[in-house]
Amino acid sequence: MSVSMPGSQTNPESGVVGSGGATAPLLAADGRPLKVSLRRAMFKNKARALLLVSPLLIFLFVAFVMPIFSMLTRSVESNEVITLLPNTAMAVQAWDGEGLPDELTFAALAGDLKQGQIDRNLGRVASRLNYEYSGMRSTITGTARRITNLENPESWKETLIDINSNWADTGVWRVIKRESSGYTLSYYLAAMDMRYDEEGKIVRQPETRRVYVDLMIKTLWMSILITFMCFILGYPVAFLLASLPLSTSNLLMMMVLLPFWTSLLVRTTSWIAILQSQGVLNNILVAIGVVDDNNRLQLIYNQIGTIVAMTHILLPFMILPLYSVMKSISPSYMRAARSMGATGYTAFRRVYFPQTLPGIGAGAILVFILAIGYYITPALVGGESGRFITNFIAYHMQVSLNWGLAAAIASILLGAVIMLYLLYNRIVGSDNLKLG
Amino acid sequence: MKKSFRKSALTAAVMLGTLGVVSAAQAQQPLNVVSWGGAYTMSQEEAYSKPWTEKTGQRIVNIDRSATGLAGLRAQVEAGNVTWDLVDMLPADAKIACAEGLIEILDHDELLSPAPDGTPASQDFVPGALDECFVATIVYSNIVAFNTEMFPADKQPSKIADIFDLENYPGMRSLQRRPINNLEWALLADGVPHDEVYEMLTTEAGLERAFAKLDTIKDNTIWWSEGAQPPQLLADKEVAFASAYNGRIFDAQVNENQPFEIIWDGQVFELDGWVVPRGKMDVAKDFLRFSTDTERNAAQASYISYGPARMSAAGLVGQHIPTGIEMTPHMPTYEPNFATALPKDDEFWADYQDELNERFDAWLAN
Amino acid sequence: MAVPAYATPAERVWYYAFRIICGLIFCFLVGPLFIIIPLSFNAEPYFSFTQKMLTLDPEGFSLRWYQDFFTSAAWLHSIKNSIIIAVASTILATVLGTIAALGLSSRFMPYRSVVMAILISPMIVPVIISGAGMFFFFSSIGIAQTYLGVILAHTALGIPFVVITVTATLTGFDQSLIRAAASMGANPTTTFFKVILPLVLPGVISGALFAFATSFDEVVVVLFISGPAQSTMPIQMWSGIRESISPTILAVATILVLLSIAMLTTVELLRRRSEKIRGISPG
């Protein structure tokens, strides 16, 4: 394949060629028009590149993208009522939301409950409705138990209300009607400390039940603090590494990379050993008489613990991008500034520092992204006040089993991370990410 | 035609062969038993597992996941790959698991052995011990304990109200990170009579009163989440008081000679026992029968201070095997300990835990 | 960076103060890793230095926690699991990642930055979110609570590291070498094994080590999607730390610190070798 110089390419379609009539297209060595040949070669190259990447893309689609997608689905899915109380879900649609539904709906409910008792699957719908309305768990399971052997009473409405007065509550029926569509917003509402009131309007949670918004703000705030700490500690180190001769700096760089390579759990364990009240640091302070033995400092299981341990864990992610930017700054700028009479401080502030801003931006966003999604360290050393929003994702996944709420909180967090990631891409470009 | 017949015959033979191998392997398969870990699992090991392995040769694998047992069961059933064979669970969780169809319904008289005097199993357990899908093995208690070295000898705490008294009993406290028990204790300490506690907790005024009481010690409290933490925190003197399962404190008292004392006043007692995950009846039923018979049930009480759930076992409780200590005074059900005990209301918590967990979290965060 | 001759006294003070500050930060970085090593030889079941240890009394030290570790069935089982899972996911991630990196570093690769952003995303998305999603999805296709599920999950988490390191190695790769090989009659397979692979191998090995370390250290996803049979070493440590910190964990931690020193040294040597081969070694 022979290619002519780019400058001599005259593209017939580009309109560059004058009105002097059609010029014969340039031909490649095999006699085809060069443009076609080029495009074909280009296409082949593109296809080959894509082909190489495609196995990985397919793999990630299955092992990563689909899971994320199924989590997003979970956060709005609410099929318990529609699948486990199907007849009730249908019958309640005819109800206008005022007073109580008609006898037919009550009969449908009785039928569904009986069936559910046989199939032993009422637990899920009972749990689901209990999230929306406390007391529904025992209302449903209790009612179902009581009516198993009941055959067509005069009025199901009276019978059910007789068994449990909750069935006479308009609010209960509004919840059932609302949750009959298969999809729900209530997980997202809960994640934002809001709820439906008895009338079905969206309102804020009462103050005694607001948890997540404050925690999200606290997570952001602590992540900012951790990022700032990493900057304060990372900048001098990166500066030193960048200005030392390579043989020395390579050795010191190992000290930055070692924590990076060490297990997260090991690093967290060390901090527990150091910071706990019978730990190394408190023992030293007591031994030198700074702290009274009975009044040891509480340095762990609170925000201090989280911030110290996480700063340690994330510090390399700040130092590495800073170092690579500083390494590219020629020392002659500083010398020039000095030679023109600037003091060391002025030269640094006016000449050097501005050039390191891209590195600060890259490091800060990276540290911040990693910080707000951290789980292990806050869970182990954060105690109560050092908790992150991620702790609640784990809690709802594993303990309370409110998977929809876990998914909703996770989706909100994911949204925040993706936005930051896009910002990072604009500033740095993910293909410029380096690992030591 | 002939060929394909031979082929399918071959396939069938291979399949049968595999089946044979599988069922033979099944007999040798160890039993995966999920429990709470620590001293409690140890007592089960001594009282049930070791004799069982001696008798049948089947190995028991202990998995310490009961704290997230319901989540684990749900996940396994959802994944269609149930690996747990028998799970130790609280009755409240068992009720939920049962309603969701995650665990097997038990026919108590058929599955469980009768008492030595022939009383059928259904008549031999303490009230509430047998539920549709649940069979209790022990009666245990949530109590508050303290480290005696943290207080002067003439000023040792003795009442549940003392944990809220920072003036006379200073120091850090450790309570379980959940509303259950803590709300009850707050009201009891505030002077609410035992039989009005749960009724009061259904009202806003009652909840406000309980949280206000907890507010008084909030800044002095470390919250724990694993049963092994409170004895550890007490031993390290990280805290002066800690709520705990009474057996864990007993274990630290007698096996590690820790200077701990239990405040029996206001103990909240409940049951704990076995459930069989869905589809595991065949593999689990023999061990279930063995581990719930009168002899085993009484034997467990020789290793940990939890009361046996079988009435026929109560009379057989004797001495702590490793140390020879008389067990009876350490039992939650021992008369002097039991005078001010409060039974945990499972129904109340089943209905209100979603709401109260949220409220408790909000309270902790603010 | 020596003190320049023209430095003022204040600058000299600052020069040394700055070095001391940096020294303290380096202590902050590596100190915690080394403090647990002596603690792991504590004869007492405590988490702090005893009087006997401080006076270097041999009675204050013992190997009992190491013995605990090497004789505990649960720990040994978890090591076996960790190794199986880490090796399998490393192989998968390295093969898939290296092939993809070859495509990515081609200058004809369309939508390069978008594709790159997707490939890196498992590193950016908080693990707890990936873990929750994998739990939901893997449960629905029946591979939760299996080795396969954990291996696939760890492969996904390790891939970004392989892609980043291998593409970085390929950036300095001289494409004319491939043409040179072809012109001398080598077929693509020969070219790959004789020319490309030796040159990118250091990057591939570094990437593989990163992937291995990622899997070997991963807790959250395993916590969500593994059954008891797949319990790994980090899981064992995690539950140990949450309950009570027995010094056995310190023994494990010490072993892991030594392992990470070994891995870091390997990666560092490989990096230097790679720079030397490609002739961009700064000396």
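We call the chains A, B and C, going by the order they appear; numbering starts again at 1 in every chain.
One rule holds for everything that comes next: contacts are C-beta pairs under 8 Å (C-beta built on N, C-alpha and C of every residue); 3 or more make two chains touch, one makes a residue touch a chain.
Keep in mind that what you see is a predicted model, and the values were worked out from it rather than measured.
Among the other chains, C has the CA centre that is most remote from the centre of subunit B.
The innermost chain, defined by the distance from its C-alpha mean to the mean of all protein C-alpha atoms, is A.
Of all chain pairs, the one joined by the greatest number of contacting C-beta pairs is A-C. A straight line joining the Cα centres of subunit A and subunit C is 22 Å long.
Centre-to-centre separation between subunit B and subunit C, using Cα means, comes to 39 Å.
Per-chain Cα centroids separate subunit A from subunit B by 35 Å.
Along subunit A, residues 276, 278, 397-398 each make contact with two or more other chains.
Listed for subunit C are residues 135, 138, 140, 242, each touching two or more other chains.
The touching residues of subunit C, when paired with subunit A in their complex, are 1, 6-7, 11, 14, 18-19, 21-22, 25-26, 28-30, 32-33, 35-36, 39, 46-49, 96-97, 99-100, 102-104, 106, 108-110, 112-113, 115-122, 124-130, 132-138, 140, 152-153, 155-156, 159, 161, 163-165, 167-168, 206, 210, 213, 216-217, 219-220, 223-224, 234, 237-238, 241-242, 245, 249-250, 253, 256-257, 260-261, 263-264, 267-268, 271, 282-283.
On the side of subunit B, the complex with subunit A involves touching residues 68, 70-71, 74, 95-102, 105, 177, 207, 211, 222-223, 236-238, 347, 350-352, 354-355, 357-359, 361-366.
The touching residues of subunit A, when paired with subunit B in their complex, are 119-124, 126-127, 130-131, 134-138, 141, 207-211, 214-215, 218, 276-278, 301, 383-384, 387, 392, 397-402. Interface residues of subunit C facing subunit B in the complex, by the touch rule stated above, are 135, 138-140, 142-146, 227-229, 239, 242-244.
Partner subunit C is touched in their complex by these residues of subunit A: 42, 45-46, 48-53, 55-57, 59-60, 62-64, 66-71, 74, 233, 236-237, 240, 243-244, 246, 250, 252, 254-259, 261-274, 276, 278-280, 283, 312, 315-316, 338, 344, 369, 372-376, 380, 390, 393-394, 397-398, 403, 406-407, 410, 413-414, 417, 421, 425, 429-431, 433-436.
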